[in-house]
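Okay, structure first, notes after.
Note that the chains are named A, B, C, D, E and F in the order they appear, and that numbering of residues resets to 1 at the start of each chain.
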Amino acid sequence: MAATPPQHYTLVITGAPYSSQAPQTALFFARAAIAAGHTVDRVFLYGDGVHLASALSAPPSDEAHWSTEWAAFLNENNIPGVACIASALRRGLVNESEQARYELSASNTLSPFVIAGLGEWVEGTMTSRTLYFHSGG
Amino acid sequence: MAATPPQHYTLVITGAPYSSQAPQTALFFARAAIAAGHTVDRVFLYGDGVHLASALSAPPSDEAHWSTEWAAFLNENNIPGVACIASALRRGLVNESEQARYELSASNTLSPFVIAGLGEWVEGTMTSRTLYFHSGG
Amino acid sequence: MSTLIVIDQPPYGSWAGREALDMAFSLAAFDQSVSLLFTGAGVNWLRTYQDTQEIQQKSVERNLAAASVFGVEAIYADEAASRLYRLMPDNTMAGVTVIKDRAALLRQHSHVAFAG
Amino acid sequence: MSTLIVIDQPPYGSWAGREALDMAFSLAAFDQSVSLLFTGAGVNWLRTYQDTQEIQQKSVERNLAAASVFGVEAIYADEAASRLYRLMPDNTMAGVTVIKDRAALLRQHSHVAFAG
Amino acid sequence: MSDIKTLHILNKPPEHPRTQQCLEALNPGDALLLIENAVLAITMSVEAEVAVPVFALAPDVVARGLGQSPRGASASLVDFPVMVNLTASAQNVISW
Amino acid sequence: MSDIKTLHILNKPPEHPRTQQCLEALNPGDALLLIENAVLAITMSVEAEVAVPVFALAPDVVARGLGQSPRGASASLVDFPVMVNLTASAQNVISW
């Protein structure tokens, strides 16, 4: 197959790890895209997908740890990972400033993931090819 | 309709709040069961249902806060609320002892919810009528 | 670029549709072209007289009524699904365009995103 | 009391089936009577030669093979679903009982719990 | 009421594969309770297709704009106290 | 490859209502990529029912014990690099 010209991607993940396969498929896709010379502009977590950004996940040691695998990939490739703030607040994912604002007992966002608005997704749709990784039903 | 003899219930919730309607239906059911003189022996959170026990959820102020509504109901009626430890650890719900064991940055279990094993559910199936509140697809 | 947001899940049983609606409103807020398609069990979003007081959720009917104000270009409903769920002109909210050819509608948009 | 755990979702795409299997193993560990029913797309749990290395998940085939060791009484598969997914004796794991009448099986158990 | 053998509680929309499996599992003496997304089945008169009593949870029915039952519908609307009674008086309960 | 108008990526099992909607939306010039739960569709030879090229993601196929394609199957197995190429060369992509 002929190589395609370099593309810019925004990847949107709406399925949670350990509930759907979405974060795994998206990670394998992202690695292959980078390897092929494409650019991943950002990863946007929406709906149940925000759970991927949890710093408190502790799967059994003989299972893959999808949050830390994603975090390492984002760090290595300097890719922003953004969890939608509205989805995150409802589902108990907060950073330090939201912890303070809502007077919560802790924060639990895994670096380098950040929390921001849907504007990040809108920007993605305007400037890059946006692909969705949903729960598989 | 004739009143039925008092029953003991175990309620199992497998759907997450702000993702499924399961925790809401289960709460309305539990309130009605108590009001009718039945006993709710325990509420068991399994799978995505463990997110109900998060202490960090912050829904918009004009929406119901299902975690705190459930916590208040459990406190008022002295009902144990148990999140399955295996489901919880994968999904980033931990108490202080699991935080210490896995060297995590915080704990996020809302009192009076506790984290325990599937034995609590097995006990429920043996001694009380066990009802399931799943995600509605 | 024109975006079509597709909602094929019924209201209240899950949050996926609400969050898809937020996506549509957000695009509209940034002056991007966006329309909504309700299909499958999703057409039940469009029924009138939704009274959600007893389930303690906000009515999606009220949210949707604001769609055109927010700049959403069109609200489409799949004809077959509307018929299946007995949605008629007298119990369907105003401003909905019933369509027969979903595939053609998808082709007309350069970007399609499903709820959930 | 006898429990039937029903798995109607395929493996790997979601965790509901895995967690239902843990429920079955847990009942068996407490010496409770428990059986498994695979139906719908769930029958795909029963196919042989599952090689999950590339998706980095543990094979459910290996888990299921341990069911009888753990004390699960029976593994049932719905006949119509098995036929639909072309599960034949030569590509179905050993120890599975194919059944035609799901309703009768449900009636035979005092406690039925679905995956997810 | 105390004659219910198995109470089937369904919360999935009509298109969901579990809905068909539920309807096929209904036996004489059982009852079907529609809650959450499953109340949408009354728009297609599911109660005319099954041979057991059909109940629908009123708060879910009203929320979805189905408080005025479609013509011909005969599902009995019940509130949470009646749902509790149904579960307490049935021999078995299956949540689909 | 660069001739794909819309690449349809399906990850739902055959019974899921979105699968039927996806199959009905396929147009000449499109392609269908089965991933995750959707690869189960090759057991029922879905590629014989649709008039567009059908691809299936190999890691998902192999995980589900379908590495030895059933007789008559003609979906092309692809790896992640090819999936990337497909998405990069299609005019539009829809994730069902």
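As a convention for this text, a residue touches a chain if its C-beta (ideal position, glycine included) is under 8 Å from a C-beta of that chain, and two chains touch if they have at least 3 such contacts.
On a predicted model such as this, the values are computed, not experimentally measured, just so you know.
Chemist: Same or different, please, for the chain A to chain B contact, judged on whether over half of the interface numbers appear on both copies.
Modeler: Counting shared over all numbers used gives more than one half: same.
Chemist: Quick check: more C-beta contact pairs in D-E or B-E?
Modeler: B-E
Chemist: On a C-alpha centroid basis, what's the spacing between chain A and chain B, in Å?
Modeler: For chain A versus chain B, the centre distance works out to 27 Å.
Chemist: Taking each chain's centre as the mean of its CA atoms, how far is chain B from chain C in angstrom?
Modeler: Chain centres of chain B and chain C, defined by C-alpha means, are spaced 32 Å apart.
Chemist: Listing for chain C: what residues touch at least two other chains?
Modeler: Expected reply: 9, 12-16, 40-41, 55, 57, 111, 113-114.
Chemist: Pull out every residue in chain B that's touching 2 or more other chains.
Modeler: 18-19, 21, 47, 63, 86, 90, 132, 134-137 - these are the residues of chain B that touch more than one other chain.
Chemist: Can you list every residue of chain E that touches 2 or more other chains, as numbers and ranges?
Modeler: In chain E, 11, 13, 15-18, 36-37, 59, 95-96 touch at least two other chains.
Chemist: According to the definition already given, which pairs of chains are in contact?
Modeler: A-B, A-C, A-D, A-F, B-C, B-D, B-E, C-E, C-F, D-E, D-F, E-F
Chemist: Inside the complex, what are the residues of chain B that reach chain E?
Modeler: Touching chain E: residues 1-5, 7, 9, 21-22, 25, 28-29, 31-33, 35-36, 38, 129, 131-134, 136-137 of chain B.
Chemist: Provide the residue numbers of chain F that touch chain A in the complex, in ascending order.
Modeler: Going by the criterion above, the answer is residues 1-2, 9, 11-13, 16, 18, 35-38, 57, 59, 79-85, 87-89, 93, 95-96.
Chemist: Chain D touches which residues of chain E in the complex?
Modeler: 6, 17-18, 21, 24-27, 92, 94-96
Chemist: Once bound in the complex, which stretches of chain F touch chain E?
Modeler: Listed in rising order, the residues of chain F that touch chain E are 15-17.
Chemist: Mind pulling up the chain B residues that touch chain A in the complex?
Modeler: That would be residues 16-19, 47-48, 51, 54-60, 63, 67, 86, 89-94, 98-99, 102, 104-108 of chain B.
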